[in-house]
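Naming follows writing order (A, B, C, D and E), and every chain is counted from residue 1.
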Amino acid sequence: MTPEEIFDKLKEKFGEGKILRLTLPSQNGFDVCDPFIDVEPLAMTELADFLKHDKDLAFDQCCCISGVDLKDDLQVVYHLFSMSKLHKICIKATAKRDNPIVGTTAHTWGVANWLERETWDMFGIKFKDHPDHRRILLEEDWEGFPLRKDYKFPRFWRGMEVTPEEEEGTYGTQD
Amino acid sequence: MEHKIETDFMIINMGPQHPSTHGVLRLELKTDGEIVMACRPFLGYLHRCFEKHCESLDYLKIIPFTDRMDYLASMNNNWAFCIAIEKLMGIKVSEKCEYLRVIVGELNRIASHIIAFGTFGLDIGAFTPFLLAFIQREKIFDLLEEASGARMLYNYIWVGGVARDVDGDWLKKTKKFCQEFKPALDEVDELLSLNKIFVERTANVGVVTKEMAISYGFTGPNLRGSGVNWDLRKNEPYSLYTKFDFNIPVGAGEQGQVGDCWDRYIIRIRECRESIKIIEQALEGISLEGDIYETVPKNFNKMPKGEVYARSETPRGEMGIYVVSEGGKAPVPYRVKVRSPAFCSLSILEEICKGVMISDVIAILGSVDIVLGEVDR
Amino acid sequence: MSYFGNISKAFSTIATGMKITFRHFKNARKPDGIFTTQYPHKAVPLPKFSRQQLHNRIEDCIGCMKCANACPVSCIYIETVKAPAGTLSDTSNGQKRRLYLTRYDIDMAKCMFCALCTYPCPTECITINSDFNFIKFERKDLLYKFSDYSPEQVEQIKQEAKLREQQEAAEKIAKAKAAAEAKLKAETEAKAKAEVPQVEAKTEEVKAEQKPETKE
Amino acid sequence: MDNILVWTMISILVMVGLVSVVGIISIYLERKVSAFMQDRLGPMEVGFGSLANAIIGKKTFKEGRIGLAQSLADGLKLLQKEDIVPKGADVFLFKLAPMIVFGGTFAAFAALPLAEYFVPADINIGLFYILAISSFGVTGILMAGWASNNKWGLLGALRSTAQMVSYEIPIGVSLISIVMICGTLSLKEMVLAQSGWFWNWHLFGAISHNGAIGIVLLPVMFINFLIYFTCSLAETNRAPFDIPEAESELVAGYHTEYTGMRFAIFFLAEYGAIFVGNAIAVTLFLGGWNSGIPMLDEANIPGIAPLIFITKVFVLIFVVMWVRWTLPRLRVDQLMNLCWKYLIPFTLFTFFYVTIYKVFLT
Amino acid sequence: MSLDGILEEGVITTTVDGVLNWAKKSSIWPMGFGLACCAIEMMATGASRFDMARFGCEVFRPSPRQCDLMIVAGTVTMKMAVRVKRLYEQMPEPKYVISMGSCSNCGGPYWQHGYHVLKGVDRIIPVDVYVPGCPPRPEALLEGIFKLQEKINQQTIAKKLVV
């Protein structure tokens, strides 16, 4: 199915409030992009369920869940693919920066469990009722979310120097 | 009065330093004697902040860092990253570079599969097949070092082309390698694959059904092990893969059920044979004229604004690179996210390792074939 | 039934396995049976271009900082001082050298040997060679210093440079004063001659100011 | 040897020498065999030449080409290692365990028939004594695993007890069928019965005892030898059955926490146990010190008999190592399955076969 | 407590030192402990072509108790640094450390933007030999082992004359 059909099908199933808009290449300022649908973050859970279990959508492979820091708000990008129907779609959920919460999709795709934990670990985007909401790559007592643009490198961690000031050029240049 | 003995679970840390966790992965096993009740993997012991580097290094400088992600198949990492950037910038790579990329990528796929089924044999206890296979890997290292200058981390495939040219006798050496490799692979296959003890240890162990495989993001040999006929080189062909005819080995449950450890193992061996076929056809097709820097962009000043998600087939599965670029004169990408196949296929460990024995956990971990550099990025 | 089938399969597969390992054991006597090259006595031949260690022919280096910018790890530290024209000899391929290279260090501990610095170098002075044997006991020995000025010479060059700058500054001030006097004289003559040409004098002044800026 | 004291002193010296020499040679042999099977060279540079250079302090001798002094260097280095006893360990058991494991195997050396004139302890229940004393090592392994307060050690110890206990039965039954044929438990008589041409050995049926009719026993003897060989592999935790100290699973099994000399004693005990297991196989099936050519035996060159015995044992040790570097490792439940479902039925079958032969045919 | 420095100063023990050092030098057992890409090159050194077993380093003991050389092969991240320190402390006394590869020398390619990378393993454990390279060739690791053997050769069991 083409991205427009998918968009219309979702719009008529979930209505205006949840499915915001569809963007095709060279629209809304994107020269190059895969067609994506902007979605209201908290609606992600049942949207994911519908996307997977609907007969003619059948998005059974969740390729990738990535977080993006857009300076004013945080965005979670889902790339989905259907093995049987051989079509793909990209869904974006944009959440406010101060309290970013997105509905979890861990119950529909098994891989989403870890991918969402990694997004939480790197960006600090909370996933509502995620089964195992822990950090996956960093230790639990690591402060800050590293992949945010305004992240300051820690000076010490558990007594070990993380960013020492050596005479050969500065470590951890914060740019 | 039948007195029930209260047994308590033992929490074992198959810690970051363990001979068969393929690097620094910690499995926290809750065991009742030999039977594992629950297994929680802990990652992050090799998290080297690759994605933070991508925010402050421009495109040409990221390529050596992609080598260090999946350090067993670094050529395929370069290739995956370059495909994404070429799709973003709309560059069409010259014919000669595509041929070189296919030859070098398939050589690296064989080298990575050698480590995969070699260490799998090591986990089950057979030392010799690993060392016999490693000899072939050294021969591949000689070839790739002559082409790119380094043994393992090549920085060879650049955006839009290839770093160094090769000459005629390198192609002859590759052809000679292909002839020598086949008998050596058959020998390792004969030594290990049908060995009764090996089959006993791996058949019907860690069975992954088709639906569970797709839902847990299995790709590559692991997905084909569960019987799904899906290979990006065939189903979503990129580069010159439409020109070569090779078939895709799919798990058929010869020794046990479909999707068990033995299937995932035997697919890797058969894929090596297919890669040899591809290399031989590519060696015929390549023509040595043409400059390799033809389509390499001089500078990254006129970048389009937008984002791209490109997938390509690495030995461990489908590596997806999601690049967001602000466009204009920014030589530095805004955000690069790498969908690592090993990270996704490792997430199934929690699901499968219930009610199996400790030695099976090792067998399953070995058959899923993870590399911690790529899992933790 | 499968009971005896298992046993026969077990025996046949174990037998083939044992045959293969014994063949390797038997071949150990033949020259191609052993794959080891005894490293310290015989070395594995390295290809021409093998990325093991960086080297910089400092006499050809013109201090253009292209290698330092191309390094993904930024482990090349360069400090240069302007040299008066003609004091430094030309490079091998004929380019003039105008900068003293007071400091040219490559930190081999940080370097990742990707050879990205060798491509942009105009005079091909930074090259990568295949000598891997530079193992050290101390970490600070891995910081290779390529500039051939001893620390005292560096101090001396710096003082000379400072001196030269002061002289140039003094000359500039002197030239500016001379230009100002010349201007003053011109104005008095002009005022004496007539009021009309007032406007051209002002535009010359503006052009004069612009000119020194671009010159620097 | 009327004076028993002198005799015991001599045999103790010989046996201590034999254990250490066997240990050193088999460690070196293991590395060289595994190297040649994997197309590499194994220990090369550590030779007696380099040792002599170290003593003199100057580089005079060639460095040595086949690394003979490798095991000596290992032993000497292990002597210098720090001796760590883990904090939570049960110190007394922790220190006692290697002694018991080594004691169990070393005691079995006493009854080995090296030559007719030299059997250190020629007791008439030799075989029974060796079986009893060598299974004494199991308690040492259990002690080691439990006392080192380490989860891996505990798992390794439990696995090894299960394995050792269950493999005692097939060994016992298969040896009983040999004892029935020979009619005696003393190893010396067994070897004497196998003198003459090599087809008198028990492996090729018991012709020496009951004339040509003994050929009927040929298949059974062969099966018995194979079963005994497999069980002795399992008894000494080797090759497909090396589950207690499985590198890839239980880090280093029961000797995870042992350092330095204690670990060396475990290492030596392991190779001692292999020597004992194969020595019994040689005495029972391959004719002990008889060289299979009667003329050579009659010539009785002094010292030839123990040499033949030891070379035969080292041939079997080579086969043990050959198996180790070829086969993968069994899982614990498959190990039990193999023992109870395959080995024990076959040994019972051979036992039954031999009894029928014994009752009707002689 | 190890043998180093037991006897009082000034006692010349050349032959005893010679033999003890020869033993320590010619049977170094590395720990099977690989972190990242350098671990694969360490395996290549142990494999058939550059056979480490020729120098007595064949046995890759999995448990830290039985090995005396810790080859830090790969990037030491913060989370792993705690474990590396504990592993080092678990090793019995005459222990040596080879820092293999740029990452463990000083953080290597990740020194500038790697927030989770320890800038050099010598910040947590004493290092005897630095083998540069990314990853260093197996021959470079063998050279590192030769350099370590030279260093072991100078050790004496008499206390050093503090002059």
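The rule is simple: a contact is a pair of C-beta atoms (placed from the backbone, for glycine too) under 8 Å apart; a residue touches a chain by one contact, two chains touch by 3 or more.
It should be emphasised that the depicted structure is a prediction, and the values quoted were computed from it without experimental measurement.
Common neighbours of chain A and chain C under the contact definition above: B, E.
Chain centres computed from CA atoms place D at the largest separation from chain A.
Farthest chain from chain C (centres taken as the mean of C-alpha atoms): D.
Chain B has the C-alpha centroid lying closest to the overall centroid of all protein C-alpha atoms shown. Compared on C-beta pairs in contact, B-D and C-D come out with B-D as the pair having more. With centres defined as mean CA coordinates, chain D is found 62 Å away from chain A.
Averaged C-alpha coordinates give centres for chain B and chain C that are 35 Å from one another. Inter-chain spacing, taken between the CA centroids of chain B and chain E, is 30 Å. Touching two or more other chains at once are residues 18-19, 44, 47, 49, 52, 55-57, 64-65, 128, 131-132, 135, 138, 153, 191-192, 195, 197, 376 of chain B. Among the residues of chain E, those in touch with two or more other chains are 47-49, 51, 54, 62, 79, 109, 111-113, 115-116, 134, 137.
Of all residues in chain A, those that touch two or more other chains are 137-139, 146, 169, 173. Considering their complex, residues 1-3, 14-15, 18-24, 26-27, 47-49, 51, 53-56, 58, 61-63, 65-66, 68, 92-94 of chain E touch chain D. Of all residues in chain D, only 31, 35, 38-46, 50-51, 53-57, 67, 69-70, 72-74, 76-77, 79-84, 152, 247, 251-252, 255-260, 263 touch chain E in the complex they form.
Of all residues in chain B, only 43-44, 47, 49, 51-52, 55-56, 87-88, 90, 211-212, 214-217, 228, 230, 235, 304-309, 311, 318, 320, 322, 324, 327, 334-335, 337, 339, 343-344, 346-348, 351, 376-377 touch chain A in the complex they form. By the touch rule above, chain C contacts chain D in their complex via residues 7, 14, 17-18, 20-22, 24-25, 27-28, 33-36, 38. Chain C contributes residues 6, 9-10, 13-14, 16-17, 20-21, 24, 35, 46-47, 49-51, 70-72, 112-116, 128 to its touches with chain B in the complex.
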